[in-house]
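Each in structure tokens, the structures are laid out below.
Two complexes, one shared chain (chain A), two partners (chain B, chain C).
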Partner chain A sequence: MKIKILVFGQLSEIINASELELLAINNTDELNKKLFELYPKLEDIKYTLAINKKIIHENTQLYHEDIVALLPPFSGG
Partner chain B sequence: MSFTQNNDRYHRQIILKEFGETAQQKLLNAKVLVIGAGGLGCPALQYLAAAGVGAIGIIDFDVVTITNLHRQILFSANDIGKQKAATAAIKLAQINPEIQIQIYNFQLTNKNAIELFANYDLVIDGTDNFATRYLINDACAILNKPLVYGAVLRFEGQVGVFNLIDNETKIKTNYRDLFPEPPNPLNAISCNEAGVIGVLPGIIGTMQATEAIKIITGVGKPLCNKIISYNALQNSFYDFEITPVLNPIETFPQNEMEFLNFNYEWFCSSKDNVSVISFIDFEELRTKEKITIIDVRERNELPLVNEFDFISIPLNELPNLLASIPTDNKIVFFCKSGNRSLKAVKLFYEKYPQITAFSLIGGIHAWQQFNNKT
Partner chain C sequence: MTEKKKHKVFIQGTITPTFIADSIAKHSGKTTIGAHDIFLGQVRNDLIDNKTVAAIEYSAYEEMAENLFHEIREAIFVKYDIVCMHIYHSLGLVKTGEICLFVFVSAKHRKDAFDACRDLVEQIKAMTPIWGKEIFEDETHTWKINN
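Here is the complex of A and B:
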């Protein structure tokens, strides 16, 4: 099972890319845990998570080839 | 107001078959409040005025600085030091003398927001800090007022529409459904520190004006329950469907009374063990004892501070200059809005955990307004 992750704003600086792929992730809690292991600085940013462009607020099941987007808040104007 | 006497001015949009005289009349009857005459506010204001929005309100308590000019295109070099709201109003009156422009040269707070917003049909958020963004969102949610949101940083921008019911799904969402928890200011970065490419707020601010025009006229499909993320480097867009938060972690005001009692500065401040000082406590501390005050803004940043003596150490120079700070008194760091000074306190504590240091909550700009009033 393969998940594609897109990152936005200052998150791309932390992972040093705008996207990455992870294998064998079953749900969004597992995904966050894995991301925090790989990139500990991500834990400091309160990002919003969307699966296939739909924002989710609770732990959600992931399926093969899902696209998960991580959107951080920013406030510049 | 009727558009008939100004038919030529709006001719090119009136001849659009989707738009026509009906939509133009709706624009002329509309009242729009633009919060912040900055990078987002300038282009939004220009297009709303040009398009013939009948009444436009501008709220901003800032003055024009030279660092604004690369993106805040309503202002010219000879406007430096002038009030933004008043200067913007003069420029807009030159673009379209047939509309009403009202300026509010004061800071938006939860004490004045409800009364102010009630006079308008729609609000455009062009502010530059999280506390004000949550405040605007909550006031619009309580008043059930459509809010066109925009934000920029570096090469990326976000635009969306809140508090607008989707007629098909009957769902209505707002900023708290997008970002239920405010970011820790120690990790949040502003354009003052991180930079922003000049054209970016031009694009996002213009998209905000577009959404406002669509909502007012009913032409097209507004970005209802959606947020769009734009990347200028890739020239790419990505959209997110916002879904309501069913179990909020953070409580937020549900009515006007709760809104008035909600402390937005505190809500968006660091919940880590970093000490902050309020305006009142800062005044008391200043009068009671000798303290060292440090300005961590860039050297050319406004406003000028002549109410007390201070040392200037821009935040990026602070790590190298920590040893030069006198530590015989308590220390208060300040910056424009209170975020950089918070980072300064954290840096300071790493070297001097035993010295009492504070960050002036809300920043020097708001402090000066507070000080002038009291």
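Here is the complex of A and C:
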């Protein structure tokens, strides 16, 4: 069970990468918990998650090879 | 007739006045149009903590943004009586005073053009995964937050 994480905006400065892979994560609550363990500063920034390009707002099951994006507040235009 | 094909939104660097002029000129053959409304976003020299913004470097989750632009366009076509619309957004570095967003809506009548254009710009700002890194004159930076 492997998921790919895409990191954008200011979050890429905290994680110091634009992509990472995590193993054995079953859902998005577990993912956030793991990310906070690895990168405590993430807890200071509001972000939303998108799974395979769709934004989710509740804890969601993850599957092998899902692509999860960490999206800080948008600032286009 | 409406124009609904998926088109490319992102442009590397600033959107030039020439590009905008050419885009306007391309509509002269579409004679059912009676009103164009154009929104241009320009990079502003905000003063933040006594430092002046010199440029914004835009990045995006491009694939997701392209999908969202497509969905937003489809919904706007359903909601308003418009003939065509075009959206262009910069990626990479855009200096203050340069254009970073070009939204162009054409309709038979002005009301639809105005309403659709405003709606479109608001949705782009709120919904599309694009980020602006504000670069100061001293080369430090901060991350822009949309109001």
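Keep in mind that, in the parts below, the second predicted complex is superposed on the first by the 73 of 77 C-alpha atoms of A that agree within 3 Å, B and C clash if a C-alpha of one lies under 4 Å from a C-alpha of the other, contacts with A are read in each partner's own complex, and residues count from 1 in each chain.
The criterion applied here is as follows: contacts are C-beta pairs under 8 Å (C-beta built on N, C-alpha and C of every residue); 3 or more make two chains touch, one makes a residue touch a chain.
All values derive from a computational prediction rather than experimental measurement.
Peer 1: Counting only touches as set out at the top, which of chain B and chain C does A:56 meet: first, second, both, neither?
Peer 2: Only chain B is touched by A:56; chain C is not.
Peer 1: On the A-aligned overlay, A:73 touches which partner chain: chain B = first, chain C = second, or both, or neither?
Peer 2: So A:73 meets both chain B and chain C here.
Peer 1: State whether A:10 touches chain B only (first), chain C only (second), both chains, or neither.
Peer 2: both
Peer 1: Per the contact definition in the header, classify A:44: touching chain B only (first), chain C only (second), both, or neither.
Peer 2: first
Peer 1: Look at A:20 in the shared chain and tell me whether it touches chain B only, chain C only, both, or neither; answer first, second, both or neither.
Peer 2: Neither chain B nor chain C is touched by A:20.
Peer 1: Report the partner of chain A that touches more of its residues: chain B or chain C.
Peer 2: With both complexes superposed on chain A, more residues of chain A are touched by B.
Peer 1: Which chain A residues come up in both lists, the one for chain B and the one for chain C?
Peer 2: Shared contact residues on chain A (touching chain B in one complex, chain C in the other): 6, 8-10, 50, 53, 69, 71-77.
Peer 1: Of all residues in chain B, which touch chain A in the complex?
Peer 2: That would be residues 36, 38-41, 125-130, 133, 150-154, 156, 158, 177-184, 186-191, 194, 196, 201, 227, 229, 231, 234, 238-243, 245-247 of chain B.
Peer 1: Touching chain C in the complex: which residues of chain A?
Peer 2: 6, 8-10, 50, 53, 69, 71-77
Peer 1: Chain B touches which residues of chain A in the complex?
Peer 2: Interface residues on chain A, with respect to chain B: 6, 8-10, 18, 44-46, 48, 50, 53-58, 69, 71-77.
Peer 1: Can you tell me which positions in chain C touch chain A when the two form their complex?
Peer 2: 41, 58-61, 63-64, 67, 89, 100-101, 121, 124-133, 143-146
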